[in-house]
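Multiple structures follow.
Each of the next two complexes has chain A plus one more chain, namely chain B in the first and chain C in the second.
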Partner chain A sequence: MAAAARPVRARSRRSPGDRPFGLSLLLWGGIVFFTILSAFPYLVMLSTALKSPQELAGPAHWIPDTIDLSGLQRTLADPSIWGYFRNSFTIAIGNTILVMVAGVPAAYVLARHEFRGRRLFLDLVLITQMFSPVVLLIPLFRLYKETGLLGSMEGVIIAGSAFTLPFSIWLLTGFFRSIPVEIEEAARIDGYGRLGILFRMILPLSVPGLVATAMYAFIIGWNEFIFAVTFLIASPENQPVSVGVFASIGKWDIDWQRLMFMALLGTVPVLALFATIQRQLDRGFATISSGR
Partner chain B sequence: MASVTLSGIRKVFPNGFAAIRGLDLEIGDGEFIVLVGPSGCGKSTLLRLIAGLETVTDGAVLIGERDVTDLSPSERDIAMVFQSYALYPHMDVQENLAFGLRRRRTPREVIGERVGGIAGALGLGELMARRPGMLSGGQRQRVAIGRAMVRQPVVYLMDEPLSNLDAKLRVSMRAELARLHDRLGVTTVYVTHDQTEAMTLGDRVCVMLDGEIQQVDAPGRLYREPANAFVAGFIGSPAMNLAIAEVADGDLRLGDHRLPLTEAQRARVGARSQVIAGLRPADFALRAADVAADDGTSTAVRLPVEAEVVEHLGAEQLIVFPVDAPRYHAGPVAARTEDEETLLAEPARSRFTARLDVRREVRHGERVELFYDPARLYLFDAGDGRSLAREPAEAAG
Partner chain C sequence: MTAPGRTAQASAPAVGVGRSSDRPTVPGSVTLGRSPRRRRRIETAYLYLLPAALLLGFVFLYPTLQSIWLAFQKNKGINDPGTFNGVDNFVKLWNDPLFWKITGQTFLWTIGVVGITTVLAYLLAIVLVQRFRGRAIFRTIVILPAATSLAFSAVVWGFAFQPENLVNHTLAGFGPAKGGIAWLANVPQAWVALIFVGVCVSVPLTGVMLAAAMRSVPRDLYEAASIDGASRVAQTVRITLPLTRTMLLITTLANFVVCFNSFPIIFVMTGGGPVNRTDILATWLYQKGFQLLDFGMASTLAVVVLCALLALSLAYVHLLIHRTKVG
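Our next item is the complex of A and B:
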């Protein structure tokens, strides 16, 4: 039976070969173009990182004459770099936890409870995204100074997650809404309350969505810069990689190699994360983009 | 097991829509009651009110002696089968069945025993480790029923549980449900669109329209003695032919046709100048002898008609013929605008259907004579649609 069914399936599925040649060319041209475009900064970083200072001082060119790894050695030999990475992790994880803990219940309520002003609330949540964090820097700085949060990673996490939360709530609301209400009702009849349903139905059923949202929060936290550079300026021991890169900029000269290596190393954890859970992510975004 | 009592139920949704408009219903212990009615009449809403998934605006819900109006679904000791089955997609069949019991702190051995028993009874044994996504429609449906059964509730609520199945499976599952009910005898409230389901499964059938009950009766009685023209037109397939007839000289005029009334019918019509006349398609015949009353008190009425449409169904044939009398619409027109038949036909004309045997095949466009027994003529008040058959009986009794 399976053997008989196979040829039919093969015929009905459109293989890439079915596409007109011109369209294929256009498509692939587009893919290549955008890949190069987004890879460009990284290529520049890599090229710069591998050039010796003497070569860097000369005229600009792409391929280094000699591969100079002294920059990498210098970077890795500096013990403070591990501190930067640890701090980045702390901030990214802290951001993720805070966003999920606050975002999941909020999104669940918004997804499932019809109340007056629900749509307005959702719109307002999104509107906060229109403001740049910069406008809040000075008031927050003063507030933190008063409360002793200045110079601490907690302060950066709190401010950062406040700005990560709105979009996360939107993402999660979309995921939760895509779960049929009848499943919850069946669980209610089976004897489960709000929390039981949240933990035994909603969360297990929206794992792809949770992963996608957590990932988003993690990356925002990892790339945290504005709040970190402002609040942690006087506390180098708490600075994340994004700020630590700046230590390469001395008063009189810039260690370009170190700067570029750190920037490159800083992208590695995010890349690794993407690679491991890319399929979850695909499923996750397919759900919300299906518009339910 | 328990009875279910609904008294003075009203449900107004937050948007102001009154889905249930004052409804009383007494469902006996162990009874299988079927809710039918046109789409949007409030069947699902009523079921959800009994389940506690919606709260009543007014009135009370009693299960057994217990007033459950303010109790949550889980405290009502009911189980529900959803039209979409609503199985838990991330759990296998075993877990789906056991989920409700686990919550109720049932001992592990008891859970295993009951789940095993139900799985055996429903033929789910080999599917226990599969998730709902890997089951066919019929298998999912059985799991949904099984999930309701393991809990051993006092009432089953089923919202069109068979509607997602293909015709053949529906027939066998229908028989399955009937057997289950015979064996377990649990009070069941069952919503369906399917007349055959309603008539074969129900101890009683409750016909609803626009949030109100039109009639609750045993299937046979519902068919023979509809309380009003809406029920008459709703129950039976093909539907009863209904049109507005003028009363003239003690008989009825239906377009060009003269329909004689019996003495009893004349008495019921009284001084009315208009009534709704109803004739079941199956009550027509091509020969007078086929419709003669058993006791010979009435003589067959002859009706010359032109067969506009003829459908041969093998063992029988349906002919459709025009009648020059206004169509009858049951209930508020708004409820029926979805009915495309209504939209297509001009209101001043009706089309009647006759279901005939095939001893003589009628041809398209042929003029034929149909016969019916005047005692089988249904009469309803032209204003409120109430059956005239009930009035004298009530007056006499």
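Our next item is the complex of A and C:
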């Protein structure tokens, strides 16, 4: 695996020294532009969260005159906030578990075995990527009403994980493929069955890929919105942070300061997770361009 | 892949003689043929797919069939058993000028976001593959929006786009200070704001994917081109662009589908208003289903959207399969 990673790194193309001045200027212009574009929402969150309500009522400006943390106090003192975070966490973990349980075995056979229907299954999985959650909301709503899943986090987890699954299978397939087949051959000669090979050989060797996929599923679950806002509308006790933030902008008197703290607390942990799996995702993307 | 499986049939009678009979003839993948032993293997292969198939069937297959069933009904809400009314819903939709208007808006939104995103993401990818001080930090900052819930992004952008708020304040910093623009309350500017936000949330991931493709272009091509005296711009146009064409195609189509289906940004920022003028088919469908409780018409619309996307997705699969081989 290390050998596969090295050429990619060596290909960071140009050394810093050999760039003409004009191109340097363009490059730094681009860097500044994209940094501002990406950081803008977080700057808004920070700037707003730290201003006092009086200052927020006045004319708009970026830098708070005084740092006011009363919004954070109000956020942490509100018991419903903890509920929102607990629910987001439950949905994210549930999403992760379901995606891994369904995704790992599927990705393993798809990566290693040729069988009738393999192509068909891959095409069907790809086609599910064209579905919008919105298109399925009404039938799912009816189905959930009948099965009692409506208003429960389980319902949100099931729907959300089905939408997370295709990309996860595809990521995992790439990771399993990168394990040399010879290892499996050797294990087979030693008398391991397919399950034994999967658990004793493949899974331990693909821990980084498994972790990356699990984190990806966690992030998607944490960010879940459409299913939660639709299925949990009448069950506020089960709503995640994203719905909590959305619900509070519908109110007459919006506490923006508190809302921005909620948004910050709702995004920052996930950003940290995402930063850690970035390299694995990069590797996954590199395999798309070289064909499946 | 199938040919060795057929030759293996000759030695098929050796059932249970020894493990050697089912050792794969092709190194690299286990080929499953037709001997009883192999058939059992096929069955276990399906067993491995079962959890995934169940989950996808429960969430995608059954609801899709339900949607089609509902599309031919007059059905007002969750407690209505519904009455079959043939193609009435489809006729009504076809004759509804609002449907055509919103379809137009959907394409305006989709093409606007995807077009601008593709151009900006390509530039971002070029920046991402350069070496410069602080590159690691830049890569992390730039990817942030891809990890953020669209609901959060939309709420925060919606706040910043309020007339008295940070967007107008920042714009006033450039050039003559203009009166506050009511970004989300009127139509041409609401689309500008929405498409801007759509672009902001789509650029990072697209840029990272394109950068991954750029990094896999063999380095010696650039070296050879430099020796031949090709400028950097010429190298980008003549080497990078053709060799990342496959990824460009994949990301453009993927973004097209995602934007066509996009829901949270418009739902949170304008709710489709003023009076449906920033609706796209996805948000209109939601409104019909869950605000007007017209499950029948909403399902009809869902089926129409699905058919449009299925046509798109078939083209997508087709291109993915055939183009990746070329690229």
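As a convention for this text, the second predicted complex is superposed on the first by the 228 of 292 C-alpha atoms of A that agree within 3 Å, B and C clash if a C-alpha of one lies under 4 Å from a C-alpha of the other, contacts with A are read in each partner's own complex, and residues count from 1 in each chain.
One rule holds for everything that comes next: a residue touches a chain if its C-beta (ideal position, glycine included) is under 8 Å from a C-beta of that chain, and two chains touch if they have at least 3 such contacts.
It should be emphasised that the depicted structure is a prediction, and the values quoted were computed from it without experimental measurement.
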{"item": "Partner chain in contact with A:282 - chain B first, chain C second, else both or neither", "value": "second"}
{"item": "Which superposed partner A:201 touches (first chain B, second chain C, both, neither)", "value": "first"}
{"item": "When both partners are placed on the shared chain, which of chain B and chain C touches more of chain A", "value": "C"}
{"item": "Touched partner set for A:245, first chain B, second chain C, both or neither", "value": "second"}
{"item": "Contacts of A:183 with chain B and chain C, given as first, second, both or neither", "value": "first"}
{"item": "Which of chain B and chain C A:135 touches, first, second, both or neither", "value": "second"}
{"item": "Chain B versus chain C as contact partner of A:114, first or second or both or neither", "value": "both"}
{"item": "Touching partner for A:192 - first (chain B), second (chain C), both, neither", "value": "first"}
{"item": "Which of chain B and chain C A:21 touches, first, second, both or neither", "value": "neither"}
{"item": "Chain B/chain C common contact set on chain A", "value": "114, 185, 188, 191"}
{"item": "Chain A residues touching chain B - in the complex, by the definition given at the top", "value": "114, 180, 182-183, 185-192, 196, 201, 204-205"}
{"item": "Contacting residues of chain C [partner chain A, same complex]", "value": "1-2, 19, 23, 27-32, 41-42, 44-46, 48-49, 51-56, 58-60, 62-64, 66-67, 70, 78, 123-124, 126-127, 129-134, 138-153, 155-160, 164-166, 168-170, 200, 203-204, 207-209, 211-213, 215-217, 219, 222, 232, 244, 246-247, 250, 254, 257, 260-261, 263-264, 268, 282-283, 285-286, 289-290, 295, 298-299, 302, 305-306, 309-310, 312-313, 316-317, 320, 324-325, 327"}
{"item": "Touching residues on chain B, where the partner in the complex is chain A", "value": "14, 51, 53, 72-74, 78-80, 82, 84, 86-90, 99-100, 103-104, 147, 151"}
{"item": "Chain A to chain C touching residues, read off their complex", "value": "8, 10-16, 23, 27-28, 30-31, 34-35, 37-42, 44-45, 47-48, 59-62, 98, 101-103, 105-106, 108-110, 112-117, 121, 123-143, 145, 158-159, 161-163, 165, 169, 181, 185, 188, 191, 194, 219, 222-226, 229-230, 242-243, 245-246, 249, 256, 259-260, 263, 266-267, 270-271, 273-275, 278, 281-283, 285-286, 288-292"}
